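Got a structure here, written out as structure tokens. Questions coming.
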Amino acid sequence: MHTKLEGVFAPIPTPFNADGSLALDKLAHNIAIWETMELDGYVALGSNGEFPLLTADEKIAVLETCRSAMKSDRLLIAGTGCESLAQTIDLTKRAAAAGADTTLVVTPFYFKNRATDSMLAGYFKSVADASPMPIMIYNVPAYTGLFMSTEAVLDAAQHANIIGMKESTTDVVKMAQIVAGNAPNFTLLTGSASGFLPCLSIGVKGTISAFANFAPERIQAVKRAFDSGDLATAMTLQHALIEPNKAVTAKYGVAGVKAMLETRGMYGGHIRAPYPQLTDAERADLMAIARRYDLIQ
Amino acid sequence: MHTKLEGVFAPIPTPFNADGSLALDKLAHNIAIWETMELDGYVALGSNGEFPLLTADEKIAVLETCRSAMKSDRLLIAGTGCESLAQTIDLTKRAAAAGADTTLVVTPFYFKNRATDSMLAGYFKSVADASPMPIMIYNVPAYTGLFMSTEAVLDAAQHANIIGMKESTTDVVKMAQIVAGNAPNFTLLTGSASGFLPCLSIGVKGTISAFANFAPERIQAVKRAFDSGDLATAMTLQHALIEPNKAVTAKYGVAGVKAMLETRGMYGGHIRAPYPQLTDAERADLMAIARRYDLIQ
Amino acid sequence: MHTKLEGVFAPIPTPFNADGSLALDKLAHNIAIWETMELDGYVALGSNGEFPLLTADEKIAVLETCRSAMKSDRLLIAGTGCESLAQTIDLTKRAAAAGADTTLVVTPFYFKNRATDSMLAGYFKSVADASPMPIMIYNVPAYTGLFMSTEAVLDAAQHANIIGMKESTTDVVKMAQIVAGNAPNFTLLTGSASGFLPCLSIGVKGTISAFANFAPERIQAVKRAFDSGDLATAMTLQHALIEPNKAVTAKYGVAGVKAMLETRGMYGGHIRAPYPQLTDAERADLMAIARRYDLIQ
Amino acid sequence: MHTKLEGVFAPIPTPFNADGSLALDKLAHNIAIWETMELDGYVALGSNGEFPLLTADEKIAVLETCRSAMKSDRLLIAGTGCESLAQTIDLTKRAAAAGADTTLVVTPFYFKNRATDSMLAGYFKSVADASPMPIMIYNVPAYTGLFMSTEAVLDAAQHANIIGMKESTTDVVKMAQIVAGNAPNFTLLTGSASGFLPCLSIGVKGTISAFANFAPERIQAVKRAFDSGDLATAMTLQHALIEPNKAVTAKYGVAGVKAMLETRGMYGGHIRAPYPQLTDAERADLMAIARRYDLIQ
């Protein structure tokens, strides 16, 4: 199985119709366009995919649609984490059957006062034991309120079927320690386009970041300069990436990302209630920002 | 409909068999025993009910079992909050049909950076509009990482079908402000047995606390002393409540509560993976604590 | 020595001239007016006294002025905490010589990662050993970023020369545990006028709160109702206290408190740079708030 | 004036005798040894210098001793920040007269709820206006509980007499934004030896880190590899730096740093009470760690 976890991955949004129902045809349309863009793969059903607001059946439908719409051999990474180990295993098996190459499993987090290092490492090992495909860890404290420690990650990373991690913080010391930990076949990806170059400098191999949904070229350019040893160019490109990334993705979240998709000919549409849509004023502000940073003309 | 939100409510655990499956017969057995104890009602599918680890169908089965096992006219409060508004409304309707009197709806919390006051108030109003039964708000930052503000609560509390709230923090100033806010027919319950008396002193009407699952008499005694104007006794009883409550419920969480059920003739059993069971040593420690505070002989 | 730590204490601001120098004459003038108000004592050199911006010599001058201006036998409590134990002991001795009755010693906090329970308890015991007057503990995490635990407080409270504490949080469970801890001659005061009644309900004896500087009557009224067993009135008065207290003291800090002094015929004046003065618009807003809550006509 | 803010700087501890008094002779001895080590300069009176526990007069004595003991033209950076603007300006002037080249001014932080961006930027500009030497900003949230924002830094950085900053967090995105902000003659140093390479990758020019007090060669080696374009070596060296740095400096703080000085022939001695000395067991543990990482034989 092909699981080269290097490069720039888009954490794709899940398209909905105005009534909140899944828009699978729009998803296929979007995939066709992403296939023409400079991307190394897709994460479906991540935070940008609004996974906590989807049913298990909807999640499988999303994956099947992605797989059938993909023409390349790019990676399809599925978000399959649930609070319950049994539910996570079940969804992971169904995701593999639906065509996912690997899975990004968010840390369980509701009972955060019970989530010790050994519980977390044990959880990922149990999922890995049961999973027909390799799995990845997803640490995203901004949403979960839980931080998986370096020690817990390195413990889990010893498992042959745990192949990597998306670290959504910009904790470069933790990331360096994980890379230095010499876990066999364990690849680290960052969730932050704004901190991409510093992460590359200590051994991170790629990024899964919202910005990649509509401007992957700018992130790829940082990596290309870094890989060629041209640090000065990499730094200049990285610096230029921060403001548009923060302005677009941090300020307006998934609703903003969906609006940006439309600037590349994709379908954006609504996000699911109760989270709020962009107002007209916010959409205008977003487009002004995009214009300022040459994301649109 | 009877919805007198005053008194001491048990947030009942969901019983599981060793293989993790629902133990509905054990639930009926436990209800029969709780019916003999000094309680004013039950919250099924709250945090102590491990709601984030249950499927929607399991949740309905729990509610149906509770309703059919209950012989009293005590309140049955159902936890029906999901991240998605549509899912919350759907589950709330099913819960009402399954026999719940009212529902405790946790704040949506995954995209906490998008959860403004107006979004939260609007969410609860939308649920209330669609719900066939009155609803309650559930604020529990220790698990959700999200704090619903006084202003948002008072906004939601204007809705005729929003009848109360469980505030799980010990923020007495917030609670006093809500009581002082003169929302019509809005009742505040605290989640903290340890802070019960201070809450009563500013107008809170009762409590939903884990300790009530196995020692409701001690909490009722505080309320009785307070209601009769005997503050000195209320204070003494409150002081005596804190250590056992913290030692039992805070130290070992739901696994500890389940172990304590067995001291009152109920079924305890496992909690769902990946959250950890009590070790033998922890169970022995828990029993020693219970003995020290005269919860068992 | 008289150290009855019960009642309502004003944490008095330190008056400065426009050039930032100490205005000791204004302080004497203010004391004369406070002496006519319903207060049980004064805290000089607390947070409202801007203690971190004063030199040791200035602090002693403040205390000497307070003592000579006071005609009553009310308590004079001096803030004497420094980061260094030696400096705290030195200042405490000088404060006693200057006429203070007791001292409020803030927790050391800069190296918060080194501040264990035993370090903190040991610190207060060392100060108590060396102090010619009894001492009190001052826990104020909002400013220090450090929370002194129940266990550390109860350890320190065993010392015969440690007579009490100002707890600035509204953590009623911690306060109840301290009261229940049966420390001999240890009195707890709350820093929160907004949470005064809940604190009284579990054994707190009084309050040191900014609001007492210009409206102590409203706080005394809560205590009087509580002491007489009229809980309903106490609750009504407490509810009415929260909004003006938050609006005036929380919104504008020490600058706001100084502006409010002028409404009672006292001198307010500047706060020390770099902390910002009220703008004209802020002052107008403050006065509008004060009018809304009948603090001025 | 020479103020080349590039390289590796030691934030030197202040030596004390066992009775807590200043050991200026030991300081001169230590300086003589540091002068033989691979360092670009010294920060006296930083957090490692225990500045919050020193009087103003002691601080000046430390600076005078450093200057007279220094034979090189390395930079002498003095910590002169106080809560009060007037005190900071006064101490800064005295520090310049005592021989400091520049000053590291910690953010005021006690009234953190009043510390807006404009207040902080204005504060540093006021110090810069009054200072006879150029000044630097010191942001250290782990101790102050206050985070100075990118916007506030870039505002202050426009001032001609504000020449740089020590950022003690590992927030690489903030640091990149500051570098990208094109402030004229504004140099960024990181406080983290563990995160040094990622910081270099986005334009940070050096580091002030505790580890430099006793093993500057290892940090210099990272910078040399980076400057020569040998990223692979830089990464390997950076990875190897993290564990010893965390084990020695994070685990035992200033007391640990002082103990490590002795491994290089310098005087270590006590830290000031109330902060705790190393126990014998801790000292043995520290030496075992140092041996494991080849910091001693």
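Labels A, B, C and D are assigned to the chains in the order they are written; within every chain, residues are numbered from 1.
The definition used in the following text is that a residue touches a chain if its C-beta (ideal position, glycine included) is under 8 Å from a C-beta of that chain, and two chains touch if they have at least 3 such contacts.
Keep in mind it's a predicted model, so treat the numbers as computed, not measured.
Visitor: State the chain with the largest centre-to-centre distance from chain C, centres being mean CA positions.
Guide: Most distant chain from chain C: A.
Visitor: With touch defined as above, tell me whether chain C and chain D contact each other through largely the same residue numbers, more than half shared, or through different ones.
Guide: Because over half of the interface numbers appear in both copies, chain D and chain C meet with the same residues.
Visitor: Mind checking the centre-to-centre distance between chain A and chain D? Centres are C-alpha means, answer in whole Å.
Guide: Going by mean C-alpha positions, chain A sits 37 Å from chain D.
Visitor: Centroid of chain A to centroid of chain C, CA atoms only: how many Å?
Guide: Those two chain centres are 50 Å apart.
Visitor: Using the touch rule from the top of the page, what residues of chain C touch 2 or more other chains?
Guide: Residue numbers touching two or more other chains: none in chain C.
Visitor: Sort the chain contact graph into one of these: line, ring, star, complete or other.
Guide: ring
Visitor: Hey, which chains are touching each other here?
Guide: Those chain pairs which touch are A-B, A-D, B-C, C-D.
Visitor: Using the touch definition from the top, list the residues of chain A that touch chain D in their complex.
Guide: Where chain A meets chain D, its residues are 170-173, 176-177, 179-180, 192, 194-195, 197-203, 229, 231, 234-235, 238-240, 242-243.
Visitor: Can you list the chain B residues touching chain A in their complex?
Guide: Where chain B meets chain A, its residues are 20, 47, 52-55, 82-87, 108, 110-114, 116, 119-120, 122-123, 126, 142-145, 253-254, 272-276.
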